[in-house]
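Two complexes are shown next, each including chain A; its partner changes from chain B in the first to chain C in the second.
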Partner chain A sequence: MTAADPDLQSFAPRRRFRVGARWLPYLLSLPALLVCIGILIPFGTAVFYSLQRYRLSQPWARQMNWGENYLNFMSDPAFWNTLQVSLTYAGLTVSLELLLGLGIAMLLRESNRLNNAISVMLLLPLMTAPALAALMWKLMTNPNFGVLSYGARLIGLEEFKWASDPSTAMLTVVIVDIWVYTPFIMILLLAGLRSLPKQPFEAAALDGVPPLFVFWRITLPMLTPYILTATLFRLLESIQQFDIIYAMTQGGPGDTLTVFQVEAYLNFFQSTNVGRSAALLMILWAITYFLSSIFIKNWLRLRERARGDA
Partner chain B sequence: MYEKEKGLIDAFIRGDLSRRGLLRGLAATGVSASAASALVNMAQSRALAADFDWKKHSGTGVKLLLNKHPYADAMIANIETFKAMTGIDVSYDVFPEDVYFDKVTAALASGSTEYDAFMTGAYMTWTYGPAGWTVDLNEYIMDPAKTAPGYNWDDVLPGLRASTAWNGVPGSALGTEDAKQWCIPWGYELNSLTYNRRMFDQAGVTPPENMEGLMEAAAKLGRDIPNAYGVGVRGSRSWATIHPGFLSAYANFGQKDLNVGADGKLSAAMNTAESKAFHAQWVKMIQDSGPRDWSTYTWYQVGTDLGAGASAMIYDADILGYFMNGGDNAEAGNLGFAAFTPNPAASAPTPNVWIWSLAMSTFSTKKDAAWYFMQWASGVEHGTFGATKMDFVNPVRKSVWSNEDFRNRLEASYPGYVAQHDASAPGATIYFTAQPLFFDLTTEWAATLQQMVAGQAPVDEGLDQLAASVDRQLKEAGLG
Partner chain C sequence: MDHASPMTRWLKGLALTLVVIFFMFPILWIVLMSFQTNETILRMPPSVVFTPTLENYQALITGKLVSSAGVLEIQFMRNLMNSVILSVCSVALSLLLGVPAAYAFARHKFRGSEDIAFTLLSFRFAPPLLVLLPLALYFQDLGLANTYIGLIWVYQLICLPLILWIVRGYFEDISPDVEHAYRLAGHSWFSTFRRIALPLAGPGIAAAGLLAFIFAWNNFVFALVLASADKQPVTVGALAFVTASGIQYGQIAAGIVLSIAPTLALALYAQRYLVEGLSLGAVKG
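== the complex of A and B ==
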């Protein structure tokens, strides 16, 4: 056999192709693998740090303390306050945004020029960076020259202090969150509403079924997968809220708004307490994972039911 | 240059002739004031370069990390002088203060070699120094091969030199024999009263002389002056709320943040009876006469309210008042300055100080060149240039403070500024206990203050809880 053998030469490219075909699946999944590694390395590092007593200002004291950071949380009132504030914030914003988003989507359900134009305009807050939106609201609620403070005084609320008073700080940041993110839920639900099959609604109209009954028994069940998706997205983002709260109050007044991300940020960048900051973020990750698992499980169950598998 | 002019300038450089005498002499020879200044700068650079090899690192480049600040502006305005004198190229990144320290922490924690020197505050070095991120500058200052003979380190105000040096032992005093010089003071601010003279005249109020007087004056001004509140102080949930007026007044009543035991262990000291009495006064002052959204107030809001005429006075950094008395602020030219001794039993003010300083990164690969820059930027010549030509206040050198031009300029445009500085400076130092949990504890202190002002926590109870939490954190960190 020689290299010049024409019969053998004709096989060479095919052999190369066979080798390529063998590696092709691995090559195709390589980008996903790289992304996975890119996620897992920092994640693993954070887990490692969370098991250490690690303060940048005391490098000599760095050591593994295993679960001590987590155990310390159990007896730390600041941690329980953070948990409570984060869940309250997420619960309030998501439920109110869902109600408002669904209401607006129902109003804009009919596809016509006016509704389409309004739905596009309603998306404008979503295009504003949340930190900028927070600064804008901070100016609007300024007691000296803010337009909203002026409005509050007109209706007799002379001393309404918005984000600077513990009793109204949560309300204020929730309002800003609603202003920014309700359009997101609205547009998702609007897309869902417009994609629902028309037949059940036509049949209900022919039978003279009351609108409220149609909403509860037809619209809402059919829209549930969309609602779950929108809720999942918003819940994940809301429980990890940072920019609106930090830009408006830095977590104050007092510890009124010290949500997980703000607390973790201050622990790292201000206190340089890497161990505690990482442990806080790990707990936030666990909560997020738990919540998203519930939502995804329900979403899959609903999808199977819609297909008639269950 | 003509011989006569040259002789005059050389006499000035030697210290045989005052600046005023020099300018008069040059004017007699037909040199205009601006040309005279340029000639003096050139001659000073020449003199500076005469006895030291400033060109040793010519061709090197150093990179700086800077906060957006008038000190940085003054340095940038004069940087060509340094480049021409040394042949060292200087580049820099400038960040606004909101994100500046995050950037510094990220750069240093990652061991980045990008920046050779950076601006910092003394409190930050209590983290950076022990972490091994900054260089002990004693080894440069004390080395005649690296530091020009005219640098005159002893010319830097002693309180500031001490405040930027720490031996790294939690609770240990600043500026001890074994302390490491983590940074070089560059410019500083002390805390006193800046007040609106127009409003004071209108309300028939004189600058208060103690805490009671401050509370009364602020309340009266709030009542008598339409659309203005009595006194501006910081209130955001940050360590920055504690360090200016609040700690200055707190220290004046002889109170401390932490106790240092004989065994070196630290414990909270903010729940003594005297501390509680002071806190109660401070809280009442804010409730009665502070801004309505006090809990969001940083130095920026405190300053701009004063400049805009929304507040009658501030108890904050003197340089904040300085900057509000100029530019296009509505109240420019109306502001006055007064030293402040809150405790009637105290003999003098005790202003806590904030010192903008220059530090060198441990990870710098051009440390010697970076030190050349640092000694020039913190030297007499640049300090004088900044103080007389730019807004480089407060200078850290005694020689600059005794500069007639500088003092006259302040006297003319900032009534009472020099007097308040001279009265405050002897007691001006850092009144915090140096320890690595500084930011944790002061942020929590600010949050507690917010709760007290909002009526969420009574002063007594709030301070006891704060002290318990501080003790717990100190124990957890192995310091208590």
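== the complex of A and C ==
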């Protein structure tokens, strides 16, 4: 209610301030805007590159080819691989993190000293740089001395090579992603759970409603806005994941983990194919733009609610 | 919850123990590794019994890394310093630009204000490489390639939306009445902002700043694309470290510990604000 106060401008005192007061907000936000407009220029350039045949190694052959980069994708197995790997990665990480995060939040729901200590502890993986987290897991899964390689051998998996084997590479990076980001979903849902009104639960307890019924019919529906926001947030980041995958395997082995941003990076710096790289990123951008428009709507509703409670 | 059967309580305890082990073990293990020599690390089966050594940290601090190919000069401290410079300066600049803008967005609904605020927010969600790759080419021409200034500018992509949206929420929570009263008493707009609004939103600004610092510190891809060795922060430096051949594993572990320690410490310090910050103000902690 504070910000939307329509009286504000008229309240702004006296004639001699009027002009200043009118331009003030623009003036205040201008520097931040200018810095960001600088960012819009390379964005425009990226669109331009994506419509060009442009290889850094063959600057003489640079020319507009309009939609050719995009059309080529249709018959390019590497592109479909990228799309599939990215969607698999995002789907796996977000669904597993959601299940785990919800489970842990339910376990920690009651606010007591132990639960609070655990929820603070779980923040630590989330605050670890994802690239460094990948390196930590890389050390732990090293075939020579890694404690997890040893662990795999202990449970009878003799030839379990973690990220260096195409069949388990995806699993390995997904585990690292889960390690880093499950706490994100957990703390959001925990905050949501603890902010739910008490009455429905007390009433259900009085009536002796079975806990599973309470969970499906009361807890989950009331928690849905939080779950949606957390999921969309993660989906947006996960489909763009770069740090963990690049630090772990640089997209390998082979093309097992060439998700959008890794593939675009490799296209740019290794095969110096700027046009293809830019076109790939444009497609990723379209996906994230679509997701973020849904996300922002949801997020706004939740934000209104949080402000309302305050 | 209170009258759960012993069986469910026991199961809950077990589940929580597993959760804590899964999330804490990697950190614990890397810290343990950082105090070991290559001999004890390479032992099979792995063991937690060893005589701790500070060799690894010493090697990192002096910049002389022992490897199988002799002593390597790797300036890991330089990476650490770069991380400090980049994160501190980016956050300072973000606060300078973002706090006044946040105040404007919170107090004045001017034409296009929501659109502008959302445009700024959407930067948070666009694929970073989309702007980084063209920038890599531009920076060459502009002379910004591999400079702190260029990097700090690009880091605004992470810090600015965060600060803008969190601080805006804090300003919105403060009733403008006090400010109006102060203005009516004849004080200028600026002194109202400085004496009333800023101190009231102080904790929120501090929290947003800390979070922005953590995100800037943890960033990897910006410096990977735009910086060469002498400007690289720890996230990129550590990777080069792992791929350099023959470096002792304990030293890698020690490098990782030094790189993650600052953000973990800050996270513990600022944990009260993390929920709100991480959700960009959508959820209150």
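Side notes on the structure shown:
The rule we apply is simple: the second predicted complex is superposed on the first by the 260 of 310 C-alpha atoms of A that agree within 3 Å, B and C clash if a C-alpha of one lies under 4 Å from a C-alpha of the other, contacts with A are read in each partner's own complex, and residues count from 1 in each chain.
Assume a residue touches a chain if its C-beta (ideal position, glycine included) is under 8 Å from a C-beta of that chain, and two chains touch if they have at least 3 such contacts.
Worth saying up front: this structure is predicted, and the values here are computed from it rather than measured.
Shared-chain residue A:Pro42: touches chain C; no touch with chain B.
By the document's definition of touching, both partners, chain B and chain C, reach A:Asn144. Of the two partner chains, chain B is the only one that A:Asn273 touches; chain C does not reach it. Of the two partner chains placed by the overlay, only chain B lies in contact with A:Ser57; chain C stays clear of it.
Greater residue coverage of chain A by touch, when chain B is weighed against chain C, goes to C.
In the superposition on chain A, chain A positions 138, 142, 144 are in contact with chain B in one complex as well as with chain C in the other. Of all residues in chain A, only 2-5, 8-9, 11-13, 17, 20-21, 24-26, 28-29, 31-33, 35-36, 38-39, 41-43, 45-46, 49, 103-104, 107-110, 118, 120-133, 135-140, 142, 144-145, 147, 150, 179, 182-184, 187-188, 191-192, 195, 226, 229-230, 233, 236, 240, 242-243, 246-247, 260-261, 264-265, 268, 274, 277-278, 281-282, 284-285, 288-289, 291-292, 295-296, 299, 302-303, 306-307, 309-310 touch chain C in the complex they form.
By the touch criterion stated above, chain A contacts chain B in their complex at residues 55-61, 72, 78, 138, 141-144, 159, 161-167, 248-255, 266, 269-273. Considering their complex, residues 1, 12, 15-16, 19-20, 22-24, 26-27, 29-30, 33, 41-46, 96-98, 100-101, 103-110, 113, 116, 118-123, 125-135, 137-138, 153-154, 156-157, 160, 164, 169, 171-176, 180, 183-184, 189, 214, 217-221, 224-225, 234-236, 238-239, 242, 249, 252-253, 256, 259-260, 263-264, 266-268, 271, 274-275, 278-285 of chain C touch chain A. Per the touch definition, chain B reaches chain A in the complex via residues 101-102, 105, 109, 126-127, 130-132, 236-239, 291-296, 305, 310, 436-437, 439-440, 443, 446-448, 450-451, 453-454, 456-457, 469, 476-478.
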